[in-house]
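What follows is a group of structures, each given as C-alpha cells.
Next, two complexes with chain A in common: one pairs it with chain B, the other with chain C.
The block that comes next holds the complex of A and B.
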C-alpha cells in the first residue's frame, strides 16, 4: 500500500463532557525522552474507549499516569472528578486495572491468599462474583503467584480488576497471553460487566479486532500525543473505503485528494481509496475527476487503526 | 433464541440484530409473545457493548415488533404479521445487498434480475448447498 505525502488531520475535541477521565497537557519525561508530550485525553462517562498506537507511543505510560503509578511532570490528570496526583490511593481503589506487565506483587503468595489480600483494598469487593470468576477463568488458588505462566498471571489480573465491580476500567493489553477460550470468555465477562455496572473503560491494545464490538470511542496516540479521538460513529461515517474505476491512461498518483489516508491500485483501472471526509464530498471529488465510484464502505476499527497509523508513519 | 452475527457484514451491529430478529419472525422460529434474551445475556453471549443491544431493542420497539414489560423483559408483540411486514422488509434488505454487490461488480439491475429469474427456475448444483 502506498501512502500519500499529506496525512489527514483528525478531530480531538470531544465536546463538553461530562468526562470520567481527562488529561490536560499531560507530559511525562524519562530523561530526554517525552513519553507523554502535552497529551489531552477526554473519555466521556460510560464510554468504552480504545487507545491504539505503535509500540512506544505512550499508551502504557498514559494508563500509569491515570493510576498515578507514575507522576506526570506537567499537566492536569483528572479521574472520576479527582485529581489523580493528589488522591492516588482513592483513585486506584475505584479502578479495575490490568497492567501491561505479567507480574503479581508477591511471588511467594498463593493465588487464594493474594485474592484475600487484595479484597481488603476494595470496599466494593464481591466475593460471590470473585468465586465465579475463579471458575470461569479456571484459576488455581493453590498455585504460587511466582510460578504462574504468562496467561495464568493475566487471568488473575483480570479477576483482580473485575471482582470489586469498579465503575472505571483501565486495561493495558487485557487479552495478552490468553489462550482462545480464556480470551473469548474474557470478552464475554467484559460485556457482562458493562451491562451490570455503568462503567467507563479505557483499553489499550494492538488487537483491536478482538474488542471491536465493545468499543464506542477511538483514540490514536503517537509520540506521546493524541492524533485523533472520535466517537466510533464519526469514525465509521468519516473514514471510508471507496472502490472506483479511473479513466484509462490516468495514473492513481494524480488522484491524491484532501483527507486521503491510503490508495491501493486494484486490477487494471480499479483503485481503492481510503479517505477521511464526508462521503458526499469525496464522491463528488472522485466523480468530477472522472472516476466511477462502485462502492463506499466503512472500515473496521482495526482496519482504520492500521490505515491511519501507516499514513502517519510515512509522513 | 440463538442469535449470531456475521463478521463479514459491515453494517452497524444494532441493525444486524434487528435483522436477525426479523429473520426469526420470517422463518417462524420466533413468534408472538416469545421473549427476547435480556440485554445482559445477549451482550455477553455476542461479546458486544450492551448499549448496542439496547439500541436494537429500542428500534424494534419503535417499529412495534416487540414490547417491553418493565422489570420483566422484552417480548415479541402479539400482533406481528411476519408475512406482511418482516418478509418483504427482509427481501428488500437482501435485494439491497445484492444490488450493491452487483454495482461493485459493474453489473446493472437488469443483469441481476435476469440471473435471479434463471436461478429461481433452475437452482443448479450450487443451489442445493445454500444455507436456509
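The block that comes next holds the complex of A and C.
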C-alpha cells in the first residue's frame, strides 16, 4: 500500500439546498487572528446540524456572526434568505439563541419579569408554551436573574430561545451547566420540539454524545475553517471502523491507506482502521493487500468527531 | 410553493414602553433609598422650619446645580455600564437594531430623569413652603456688562429689582437632560467610560500642575480661553445649569455697604439659547456614540457585495399565533 496523506478530505458541498443558513467565505478577524477564515457553511431547512471543533475553532464566533452580534469582515452571511449584516433585527426575530455565556443581562430582574420583558420583543411569544417550559424546566419565576446558578441560567436561556416558536435555533453548548436530570429533560424537550416543528437547529457543542440522537448533519470546524460538512447518513456510511487480521511480520505503518483517519494495532495480528471511504473499496483494498476483514462498523458522531479532529491535529 | 412565514419585529412604541419599565425596575432600589431619605430629612426640616417660621424659599444656584447632577447619577444607577452594547448581552440579542435599542433605552431613562428632577425640586421647595415659608422677596442687584475687562465703578452701574422668574423653575430639567445625554453618550461611545473620565481628570490635573509649577502663563491663557467661555460664557454650562444666577458677585459700595451684582442679567432668552445649545450638543454626541452600534453597515466587508444566496424557500406553516 502506498502512503497517502493522513488527514482525509471531507466533503463540504451540500448540494443545491434549500438552505436555512449559508455563509459564503465568511471571515472574521480580531486583529491578526482570524476567528473565521473563509467559512462556507450550509445548513439545510429543517436540519439539526451539529458543529464540532476544538476550543477556539470559531464556533461561538460563527453563531454570533449569524446573529449579527459580530460583523463578518468579509463574505456573505445569509439566514433564511436574509443578509444577516443588513437585516440583523429581522434575522434575530426568527432565531432562538442560547449563548455560550451564562448571563441573562438584567441581574436585578426577577425571572418572571424577564419573561414578560422578552415577550414584548417577540410578537409570536407563546405564553402557554412558555408556562409549560417553566414547569418542565422547574424554573422559579420569583428568583432574581443575578441570583441564579449556572444551570438555572441555562434553563432560562433555553426557555427564552424556545418560547417564541422560532424558525431557527442557534444553540451554543445548550447543556453546559445542567445537572444530569435537567440535561435529560432538556434533551427530551429539544427532541420533542424538533420533532413537532419544522425548526432548523445549529448546535455547537463539545458533548456530541448527548445530542447524537437529535442530529442529522455534522460539520467539523477548525481554525475558523470548515473542514467538512455531511449528512449523518453519509458520515455513518463513509466513516467506518474496520477490524482485520494482517499477515504476520508486517508493520502497522505499511497498512496506511487512502482516507485513513486512524490506525490502531490490536492483539497479535489484529489491526483496527478508521477510514473515510466507500466500504466496498476499503474492504477490497484491505483484502488485496492480504488482510482478512473481520468486522466493519460505523462510528458514533462523537467517535467520528474525536477521530477526525485528532487526525487533523496530528497532520 | 408558499413563502416562508417570517416572524415580525416589535413596534418601537412597545419597546419604548418596555424599556421605560425595565429602567424603572433598575432604579427602584435607588428610588426607595432616596425616598426614605427625603421623608426623613423632609420631616426633620418641617419640624425645624416650623420652629422658625417665615423661612425664605428660593432657588439658590447650589440647589440648581445639585438637581442637574441627577442627570449624571441616573445612568450610573440605571446600570448603563453593565448592559453595555459592547458585550453580547441578552438585550442586544433581541430583534431591535442595536443603535435604536440603545437610544430607546436612553429615552426610557430620560423619562424617569424628568420624574426624579420634578420630585426633588418639589421636595426642595415644597418642604419650606409647607412649613410656612414664603418665596424670596425681590432684591436689588447691580448689573455689570457681561464681558467687560475694565475695572467697574459700582456707582455707574444700572440696578435691577430681581425676583425669581417663572422660567427659573424649569432650569433643572434641560440642565439634567444635557448632562444625562453626555453621560449616556460616554457609555455608548466606549466600553470603559470610567477609564476615559479618570484619564480626562488626570490630564486636567496635570495641566493645572504644569502651568502652576513651570509658570507657563501662555498655557494657562490657552486653557482659560478654552474653558472659561465653555463654563462661564454667556451661553456656557453655568447658564444652562443655574440660569446664570451663579454669576453673582458682592460689590462694596462707597457708602461702606455691599450689594449683590449680576455679571450679565439672567434672562429667559439667554437661558433658552443655552438650554437649546447644550441639549443639541448632547443629542448630537449621543447620536454619534450610538452610530458605533448601528446595524446594516458592512463593517469592513468587501466592496460590491453580492446578494446572499439561498435555495428556494420551502413551504412552511405560519407559527405566528396571532
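As a convention for this text, the second predicted complex is superposed on the first by the 310 of 315 C-alpha atoms of A that agree within 3 Å, B and C clash if a C-alpha of one lies under 4 Å from a C-alpha of the other, contacts with A are read in each partner's own complex, and residues count from 1 in each chain.
Just so it is clear, contacts are C-beta pairs under 8 Å (C-beta built on N, C-alpha and C of every residue); 3 or more make two chains touch, one makes a residue touch a chain.
Quick caveat: nothing in here was measured; it's all calculated off a predicted structure.
Chemist: Sharing chain A, do chain B and chain C clash or fit in the superposition?
Modeler: Result for chain B and chain C: fit.
Chemist: Applying the document's definition of touch, where does A:187 land relative to chain B and chain C: first, second, both, or neither?
Modeler: It touches chain B, and chain C stays clear.
Chemist: By the touch definition at the top of the document, which applies to A:216: first (chain B), second (chain C), both, or neither?
Modeler: first
Chemist: I'd like to know which partner A:48 touches here: chain B for first, chain C for second, both or neither.
Modeler: first
Chemist: Between chain B (first) and chain C (second), which does A:236 come into contact with in this model arrangement: first, second, both, or neither?
Modeler: After superposition on chain A, A:236 lies in contact with chain B alone.
Chemist: Tell me which partner A:288 touches in the superposition: chain B (first), chain C (second), both or neither.
Modeler: In the superposition, A:288 touches no partner, neither chain B nor chain C.
Chemist: For chain A, which side has the bigger count of touched residues, chain B or chain C?
Modeler: More residues of chain A are touched by C.
Chemist: What angle, in steps of 10 degrees, lies at chain A between chain B and chain C when each chain is taken as its C-alpha centre?
Modeler: 140
Chemist: If you've got the overlay open, could you tell me the nearest Cα approach between chain B and chain C in whole angstrom?
Modeler: 16
Chemist: Could you list, by residue number, the parts of chain A that touch chain B in their complex?
Modeler: 48, 184, 187-192, 194-196, 213-216, 236, 243, 245, 294-295, 297-298, 300
Chemist: Would you pull the chain A residues touching chain C in the complex into a rising list?
Modeler: 16-20, 22, 24, 45-46, 64, 67-78, 80-83, 85-94, 97, 99, 101, 103-109, 113, 117-118, 120-124, 126, 160, 164-167, 197-198
Chemist: Quick one: in the complex, what on chain B touches chain A?
Modeler: Interface residues on chain B, with respect to chain A: 5, 10, 12-13, 39-40, 43-52, 100, 103-104, 106.
Chemist: In the complex, go through chain C and note every residue touching chain A.
Modeler: 4, 6-10, 14-15, 17-18, 21-22, 25-26, 29, 79, 82-83, 88-98, 295-302, 305-314, 316-317, 319-322
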